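Heads up, the next two complexes both have chain A, just with different partners, chain B and then chain C.
Then we have the complex of A and B:
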């Protein structure tokens, strides 16, 4: 009967093309707007590294003395001091760990074809590539020995490699960062990241850096920080060395903990570390505290998806509801005008369920057509978002799950809107209409 | 085959109670052709609707082909209607979007009959009403008489035990009315039980048995031989 009901629905559309078109259009506009905001929200809130997001933890230490406050929900700074990051990195506790900071340079090469340009860089330890799943197109990451020795080496992204070396294998080539030369030892494959979850300090939706260099270069070359540096008490910091020894927080630290046991052990380690540091006159507070949040917890903690986005999604669904309310009115008019035909069908043996299903299938088909047209509208909406704000470039897109969701949402919401008209028409008393036709 | 005992039908509004049928008693045997006459508003159509299970009754007992109709729920009544009863309406009530073949197919689909068997029955019924060559035509492409023949074909396709006809010739001219009546007589001779509501006394007289409904009650019985009444009786 399903095929028969679909056939009847199609005939119904052809019988009332204008009303049917208006209903499809109303659904499409509602779905288009809803899917535009929902797609952006979906991409913002999507797990950026689903297979290991529960194993990667951002580390926070409550460094501040009692009485000092921070703006986070639990009053803890988001980053670590240089000395804490160095100590935690040296400890060897945890499966893998890394420390990192954002920096940047003027980039140029020995070629008059490429003009110098400014580019941000990530100074990090070599575990970065394994922990965050970066793959190499050419070459590899730097060794631990190169890390320890602050070797002047750099890994560049595929995009930067295309820009500087026209996509050729650039391993062994030299690039200049500010005034120093660095040897390219690796080229990473494109890293499509919608959320820069590993460092949320300077915009969660900015693109990842395209230069990756040993963290030890920070101290060796006294490189500048392009990220955030925050102090919480007065300190006389007049030199780079003083900054490294200060209580200012500016280093990000991540640890990979594969089991609950490892996590427990690491929590104990952090407490022990802070107690140890208290003996040195640091962590002047009664209650020691730390933060150990996995990727999704970290994004939630940093309010990556703001309340505004959630409100926008809610508003778009309300707009869809308004569209559906209009459709409900049109459906009521359309279905009740068909009551005489329903009376005939009832007289010929159709039960209420069959009449109900016939009309629900028609509504579902309207939803399907509206959903498909809504995807087209949503693409225009997302195009508009991308062109309005550059940092939405990778967010304002529809992935497969959203593409499949659009018709499903359209069908299910239309069916909900059609329940009342379908129910009303199926409980029509056939006797009333048979004589009057 | 059809037994109605003390059937009453009351339409209730806030202000008034209207008794469309009261203490209505009737027995119909298999193979009968009954014409139901009576003035407008007397309850003829209400009787037909109740007989066809299109409307519930307020009181009484109604047994159709051994089934107590009063005990059936809506779905069971729909099934029973689909399997046992064929309807012919004054206004033909063909579905305008469907061609003749598809119109006749409607009750067969609801019964869940397979496509091959549906095709056989539809072709047979169209042949029977003389419209085999018009299967792909839409109802509005036919004359009134032809449309009523399609409606009859649709009623016959389900091979019903009962045919209920409500003013089947009411919208037709006399020539077409006579053709439709001859078709109904032929169907009755083939074994179907027919109850026909009509205002046309001439057509009514062609039915072997007449009943008259007045004020929601059965007024008399008349048996005809040809066009001559042979018996008049009060009550059941």
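Then we have the complex of A and C:
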């Protein structure tokens, strides 16, 4: 029966090609516009690490005195002071924890083939690779002992390994970062991230760093911060040591908490820590506050999906509604003109339900065609987005789920539009049309 | 015309669905277009704002030293001299941060020395020298440029500068009732005497809460990296850009020269998201208006086909062609006005929602009214063609068939 209905709808399509084409075009335009904005939204809000996004937590401490303000929704700074990060890391509370900061270097090797270039680096503790699921192509991460001793070692990315060592196993090789030499101890596999969720400060859609090094090198080599350093009160900071002891916030801290119990314990620990610090004259506040947000909460808190994008999604669904009204009008015209034919079919024994189904399948076929054409339109839309803003390069694309939802949205839109006309046409009284002929 | 409204209304009541569909389309279109137009206008103003710089004449680039056999502050002085001597270069400076780039330093500048409280204003500051005014192409409206003995070139963090040139906007905020030129303002506990006033210039962040508060400080104390700005004639800029890396490396080669670009490119990069939003909205409302116009056009054609006999009969009974055209125009106007009333309400509600949930200002009524008028004219134009066709239906049609 279904095949018969599909055949009927194809005949109907051919009989009124212009109206049918207009309907397909209307739905395709609607889907094209909607899918363009929806795809960008989808990529921006997608969970970057689904299997453990609810176990990784970014830690914030309300370090500022009462009366000081920040630009976040709950007035808390996004990063920690150096000393707080050091204390929380040392405590060993939580399943795993890491502290980190973004830095960067001039990179070169003992070869004239590679011109010195600039590269950002992540100074972090060895838990980073486990917590954020980085895999190794060669070698491994640094040991806790190397971390403690500020060993001059570095893990590089596959891409950087290709650039510096033409893709050969470079473990044991030496590279120069600024004026010092470092031993390569590991090469990580490609880490494709559309959202740099572990550090959203300097562009949420930037690529991950390609150099990973022990956090302790920060102090040992007095390295500069390539991320944000924010002060909130007047402090006379003239030397690196003064910066490490200051109340400026510039270190990022993540903790892995596998159970609700661990999370509760960690919350209690943070409060106890701040109370402890209050005895030293820090955290001058009536009410202590902290932030413990998992990956998805952290992305929402940092407004990873821009307002503009949300507005565009809303407007494009309204646009789709206009298209729906258009299709409904055209379907009415098309179906009602067919009333005599339906009359004959009814007289020959087709019941109302069959007539109704036949027409719904016809509009669903229109929806399918419109959805497919809409995907083509959306590809042009996304191409335009990519060309207008290269930063959206990896975001303005349709993944499988979006490719599948395009025809789905198109078909449901069309079926909604087709309900009324189909119902109208199946009410046709066969007698009238038999009489007039 | 007035008399016709009653029969038109009755006729409409007999084909409600078509009219309602048209009404909904017009209402939603009005709501979307007026809000989108307002956002577009807002972005256009933002994108075309005056930055105070001749952006197409300025090149920016970043330098990172990895050799330790020179002192950056001395090397950068030599580089400045070399760049200024390049043929085609009008002027050049070292500067700690690049205006319009989205990356910079800011602090609260106060009229009292920290920690004493006092009136303060968020300010972006630039460390540079006396060539900044000329290189940036900003206009000094009062006071003077830095003198040579005010410029501090050092690698000692305990040495401080003591002068500053600021924008009029900053001075107005710190000294609302008095002349600020000659006064001393404080960056933390560092006193800086205001020696000159710039008419207008933007800081590193165009979206800052105080984008116009700028202070230039004659202090050159770079660590291992720094930025340079080079001013040229706009048509020679591309040529100069090609020479910069080689010229800089020839001066000293244990370093990396990156991100050589025009100031206008930096600005475009910073604004890219808003440019994109504006373009997408323009595309959206253009297609939307087209779809709506086609919808009206199609529906009128359909109505006319359905009423061929009725029209023929009317013509046979003596109605003029103009009466038929007027009939359809009036019918459309009736639906359109009802749709616009709904649309204006919907537009205002949508505007309210956007204002509540996003940082978008209240939708001015003017945008809604202008959109409504435009949609009305557009719908009349869309109907005019089919109505003319209807008027040409021959009276004989009515008599030919039953």
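Operating definition for what follows: the second predicted complex is superposed on the first by the 436 of 437 C-alpha atoms of A that agree within 3 Å, B and C clash if a C-alpha of one lies under 4 Å from a C-alpha of the other, contacts with A are read in each partner's own complex, and residues count from 1 in each chain.
Operating definition for what follows: a residue touches a chain if its C-beta (ideal position, glycine included) is under 8 Å from a C-beta of that chain, and two chains touch if they have at least 3 such contacts.
Computed from a predicted structure; not experimentally measured.
For the composite obtained by superposing both complexes on chain A, the positions of chain B and chain C are free of clash and fit together. Within the superposed three-chain model, A:431 lies in touch with chain B and out of touch with chain C [touch as defined at top]. Shared-chain residue A:341: touches chain B; no touch with chain C. Looking at the shared chain after the overlay, A:353 reaches chain B, while chain C stays out of its contact range. When the shared chain is aligned, chain C comes close enough to touch A:315, but chain B does not. When both complexes are overlaid on chain A, the residue A:300 reaches neither chain B nor chain C. With both complexes superposed, C is the one of chain B and chain C in contact with more chain A residues. Looking at the shared chain after the overlay, A:15 reaches chain B, while chain C stays out of its contact range. In the superposition on chain A, A:271 contacts neither chain B nor chain C. The gap separating chain B from chain C at its narrowest, counted between C-alpha atoms of the superposed chains, is 13 angstrom.
Shared interface residues of chain A (contacting chain B in one complex, chain C in the other): none.
By the touch criterion stated above, chain C contacts chain A in their complex at residues 17-18, 21-22, 24-25, 28-29, 31-32, 35-36, 39, 62, 64-68, 107, 114-115, 157-158, 188-189, 223-225, 255-256, 258, 272-277, 279-281, 283-284, 287-288, 291-292, 294-295, 298-299, 302, 354, 357-360. Touching chain A in their complex are the following residues of chain B: 45, 49, 52, 54-55, 74-75, 78-79, 81-83, 87, 89-93, 95, 97-98, 106-107, 109-111, 154, 158, 166. Chain A contributes residues 1, 4, 11-12, 15, 340-341, 343-354, 429-431, 434-437 to its touches with chain B in the complex. Residue ranges on chain A touching chain C, taken from their complex, read 22, 26, 29, 33, 36-37, 105-106, 108, 116-118, 176, 178-179, 224, 231, 234, 236, 238-239, 306-308, 310-312, 315-316, 318-319, 321-323, 325-326, 328-330, 332-333, 381, 384-385, 388-392, 420.
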